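For reference, the structure is listed below as C-alpha cells.
Order as written gives the chain letters A, B, C and D; numbering starts at 1 within each chain.
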Amino acid sequence: MAVIRVEFFSNCLIRQVAFEMFVPNDFRDDVPRQHEQYYKRKCKTVFVLHGFKGWGKGWTHMYELADKYNLALVFPSGENHFYLDTEDSAGKYGTFIGVELVDYIRRTFGLCSSRDDTYISGLSMGGFGALRTGFAYPDTFGKIAALSSALIMHEICGMKPGEFYQVGNYYYFRNCFGDLDKLLESDNNPETLIKKNIKQGKNIPEIFMACGTDDFLLAHNKRFYDFLITHNVKAEYIEDNGGHDMEFWNKYFAKSFEWMA
Amino acid sequence: MAVIRVEFFSNCLIRQVAFEMFVPNDFRDDVPRQHEQYYKRKCKTVFVLHGFKGWGKGWTHMYELADKYNLALVFPSGENHFYLDTEDSAGKYGTFIGVELVDYIRRTFGLCSSRDDTYISGLSMGGFGALRTGFAYPDTFGKIAALSSALIMHEICGMKPGEFYQVGNYYYFRNCFGDLDKLLESDNNPETLIKKNIKQGKNIPEIFMACGTDDFLLAHNKRFYDFLITHNVKAEYIEDNGGHDMEFWNKYFAKSFEWMA
Amino acid sequence: MAVIRVEFFSNCLIRQVAFEMFVPNDFRDDVPRQHEQYYKRKCKTVFVLHGFKGWGKGWTHMYELADKYNLALVFPSGENHFYLDTEDSAGKYGTFIGVELVDYIRRTFGLCSSRDDTYISGLSMGGFGALRTGFAYPDTFGKIAALSSALIMHEICGMKPGEFYQVGNYYYFRNCFGDLDKLLESDNNPETLIKKNIKQGKNIPEIFMACGTDDFLLAHNKRFYDFLITHNVKAEYIEDNGGHDMEFWNKYFAKSFEWMA
Amino acid sequence: MAVIRVEFFSNCLIRQVAFEMFVPNDFRDDVPRQHEQYYKRKCKTVFVLHGFKGWGKGWTHMYELADKYNLALVFPSGENHFYLDTEDSAGKYGTFIGVELVDYIRRTFGLCSSRDDTYISGLSMGGFGALRTGFAYPDTFGKIAALSSALIMHEICGMKPGEFYQVGNYYYFRNCFGDLDKLLESDNNPETLIKKNIKQGKNIPEIFMACGTDDFLLAHNKRFYDFLITHNVKAEYIEDNGGHDMEFWNKYFAKSFEWMA
C-alpha cells in the first residue's frame, strides 16, 4: 500500500494545503494477489471526510480495507468547516472538495475519471460533508457513505450571537454555514440540494447511511432518512448498537467500503 | 540541522495541527563547530510567521541561517487568519501562537524558556502577526522582526459587504479581524496594544522593521513606524530597494536574524 | 497524542535519517485525564524496533497504548540491518540505536534521562534488535520486550555464498552480521553479550519475551529462553496461540507495555 | 508547485521506502502562465540523485527551476549506496532507480512514459549514479546531467581491508560495488557499460557534465570525459570556477535543467 502525501496550492483556499492518500498500487512480490487485483480491475477512489476535531490523515484500519477492496482513499483536511463554501473569499471548502481536489487527483493520478469510480464518505461532520458534497455534485460522485452524520441544519438555523450548540458558538456556525436565518433554503442544506436534484432530473448518487443507537445524532440521521423516503430517494440506512466513536466507525467503514466495492 | 515536524492537538483551534521546526542540535562529526556552538550557548528560538497564501514550512534559505546564528526556528501555519483570535469558538489563532504553541515548545523541547530567548518574526501578513503577537504578549517575546508587514488596519476598518481589499472580501476580513467598525480600538490593532503596553508600564519587545521601497505596503509600514516614534517606542526601521518578494525577504531575514543573535 | 517526525544527521550512518515518535504531551481540554497523567508522573520512553520489511512508523494501535500507559514511543528505521554495527564504515546501526539516538532524544526532548525510564522493544528482526541492543547497553535500557524474535544466530552462522536463509542470501547476512564463521562468539550474538554482562557484574535489563505457538521462530525463542534460564537470567516468557502476524503483535505489544508501565 | 511524498514497498530493497517529488501541476489562478505551460506541453521528468551524506529531499532552489522549466523532479534516497545493485539480496539500489521507481512513477502519475521525457541527474555520488544508471538503462533515459561526479572506479578498484578512501573503508566500498578486484570489468563501472552500449548499437543518452576547477574530483571527471571522447561518445563537458559545494551545484543544476528543457 502506497501512502502518499500531497501539498499543493488550492485556489479555493488561496494557500498551500495538504492531503494524504492510500493507493494500493505498489505490488509486493511476496503478495501475488496485489498484481492480479491491479491488472484485473482499476481501483475506485473514495474521498474520506473526517469529523470535527479531526484532520486529513488515513486511519490505519482503512489501510487494510483499501487493500482488501482495492480502493484508493483520499483524506483531505476540512479544518472544522463542514466542507462548505463560506462567504469568506478565502474559504471555499465545498468547491475545494467537490471540484478542485477531484480535478487535481484526476489530473495527477489518473484516478476517479468517471462518476462510476468516484465515491465520497465520511463520519460525523464528514458524514454531513459527504452527503452535501455528493448532492452538490451529483454528476461527479456515484456513491455516498455517511456515518453518524452531523445533519444539524434544523438545530443551528436561526441561531443567535451568544448561543452555543454542541461544538461551537454562533460565530463558528455563521462562519461555516453563512446566514443562519437562511440556512434551510440554502445550498448548504442537503435537503435543499436533494429537492433541486429531483427537480432537475439529476441522477442522485447511491446512499449508504449508518448511525449508532446510542449516538446523540441518531434522531438527526433518522430525520434525514425519513426525508429521503418522503422524497422517494432510495438509501441503505442502518441503525446498530454503538455510539459516536471509532469502534462504530471501524465497523461501518468496513461495511460501507464493501458496499462500495 | 534537524528538521522536525510536529502534529499535535490544539485547544485553540480544536483540532490536530502541524508545524515544522529547524533545530541546530544534530552535531555532525564532520562539522566540529556545531558541537562547540551548542555547548557554549543555548540556542534562541524564533517563531517565523508566513504571509498570506503561505504556510508553516521552513524556507531552505533559513536552514543555513539557523545554523549560522544558532537559532531554533518554529514555523506554524496561520491559515490566512492574520494570527488573530476570531469570534469563532474554533478560531483562536492569536492565542494559539502567543500562548499555546510557546507553551508546547517549551514543555516538549525545553526551548524558549524565557523572554530573552523567545523571539517572533514574519513577513507580510506574518509581519503584522509578529508585531501584534509580540505586543499582545510582551512578557513572552523579547524581540520582534517584521518584514514588509501588512499593517492594513486603517484600510480595512469600516469595510462593508461587497467591498474587496487586495487579498480578500468583507467576509474574509470580518472573519479574521471581527467587527470591522470597531477594529481600530480593538486588540487586533497593534497600535492599540502599544498604547496599552505603555499605560501598563510593560516592557515592549525590541523591534526590527524593514520594507522595500517598491512594496505596495511601504506607506503602511512608514505610518506604523511614525506611530512608534510619536509614542517614544524605539525601533530599528529600514527602507531598502526591493519589492514584496522572496529576494527582499531572504536578504532581510538574514539581517534580522543577525540582529536577533 | 503528538506525532513527531524528526530528520537529523546521524554520524553512525553518515547521512540524514528520519524517525517518528508518539508523545502523549498535547493535553486536550476535552480529555482532562491527560493533564493529570502528565503532571503526576513523567512518561517513560520505549524505543520500538520494526521487523524485516518494516520501517520506522508508528502503528496506530500503539497510538492508543501510548496514551493509555503514558509512554513516549520512538520508532527508528532499521533498514533491514538487524540493528547491528556492520564492518562498513557507514553502517553502524547498533550504535545508532543504542547510543546516538538515545542521546539525541535525551538532548532534544528531555526524555529517557535514566535507565529507569528508557526501555526497548521490537518484533521479529526488531525483537532480536531489542534483546541485542539491551544487552549491549545494559546501563542505558532498564527493560526489554521482545516479540517473536528472530534469534537466528545458530542458523546463519557458518553460512556460505550461494546459500539463502528465509529472508536473505549469504551476502545479506554477511553485510548485517559480519564474518558469519565468527558470529557466535561476536557481540552480534545476544548470548555472548549475556555472558559478558554476567562476567562484568552488569545489571541485566528486565526481559519480557512472547512468541506464537504457530510462529516459525518458536523454537528459536524457546532455545534463547532456555539459554537465559541456564545462565540464571530471569525473564517473563510467554508462548500463546498465534502466528508471526499483527494480530499476535497487537495483543502482545499491549501486554508488554502494561508490563513496562 | 506540488510537493509530493510517496512511501511505497520496494521489491528491490524489500521494505517500505520514501521519495519526494516536485510536480508543477497545481495551477495558481494568480499565476496564469502555469495553466498555459501545462496544457501546451507535457512536463518532462528528471530523477535527481543526491550525494554521499544526502537523501531524497527536494532542494528549494530546484523548486523554482521545476516551475521555470516545467519539469517534474523525483528525489529518491540512495542511502550512501552509489545507486548500485549489491550482492546483498535486499540491496538492489541500481534496479530500484532504473526500473522499479521509473515504473512506479509511470504507473502512478502517468509521467516519464517515454525515453524522450525521462532524464536523470545528480551530484557527486549522485553524478556517478546518474551516469551509471543512464548507461545501464539507455532505452529508459534520454538525457543525463552529472555534476561533480564521484567517478572513483579506478581509485577504489583493488582496495583491501584496512584501507580507507575519502568517505569510506574497504567494507563500505565492497558492500556498494561488490568484488573490488573485478570492479573495472563489472557493470558497476560506467566505462564498461559505455563499451557494451557501443557494441550493442544502443542509443547512448545525451550527456551533460560539469565540475568545479577546485573540486577534488576534477581529475576523475576529466578522465571520464577523455574516455568518452576516445570512444566517440558526445558530451557537453564544462569546467568552471568552484568547488564541491552547493554554490556550484545551484548554478549547474540550473544550467543542466535549461539544457534538458
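As a working rule, a contact is a pair of C-beta atoms (placed from the backbone, for glycine too) under 8 Å apart; a residue touches a chain by one contact, two chains touch by 3 or more.
Computed from a predicted structure; not experimentally measured.
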Size of the rotation, in steps of 5 degrees, that lays the CA trace of chain B over chain C: 180
Pair exhibiting more inter-chain C-beta contacts, B-D or A-B: A-B
Chain D against chain C, contact positions shared by both copies (same if over half, else different): same
Intercentroid distance (Cα basis), chain D paired with chain B, Å: 40
CA centroid of chain A to CA centroid of chain B, Å: 35
For chain B, residues contacting two or more additional chains: 9
Interface residues, chain D side, partner chain B - complex: 59-61
Chain D contact footprint on chain A (complex, rising order): 1-11, 23, 25-29, 104, 107-110
In the complex, chain B residues that touch chain A: 9, 13-17, 52-55, 57, 79-80, 86-91, 164, 167-169, 171-172, 174-175
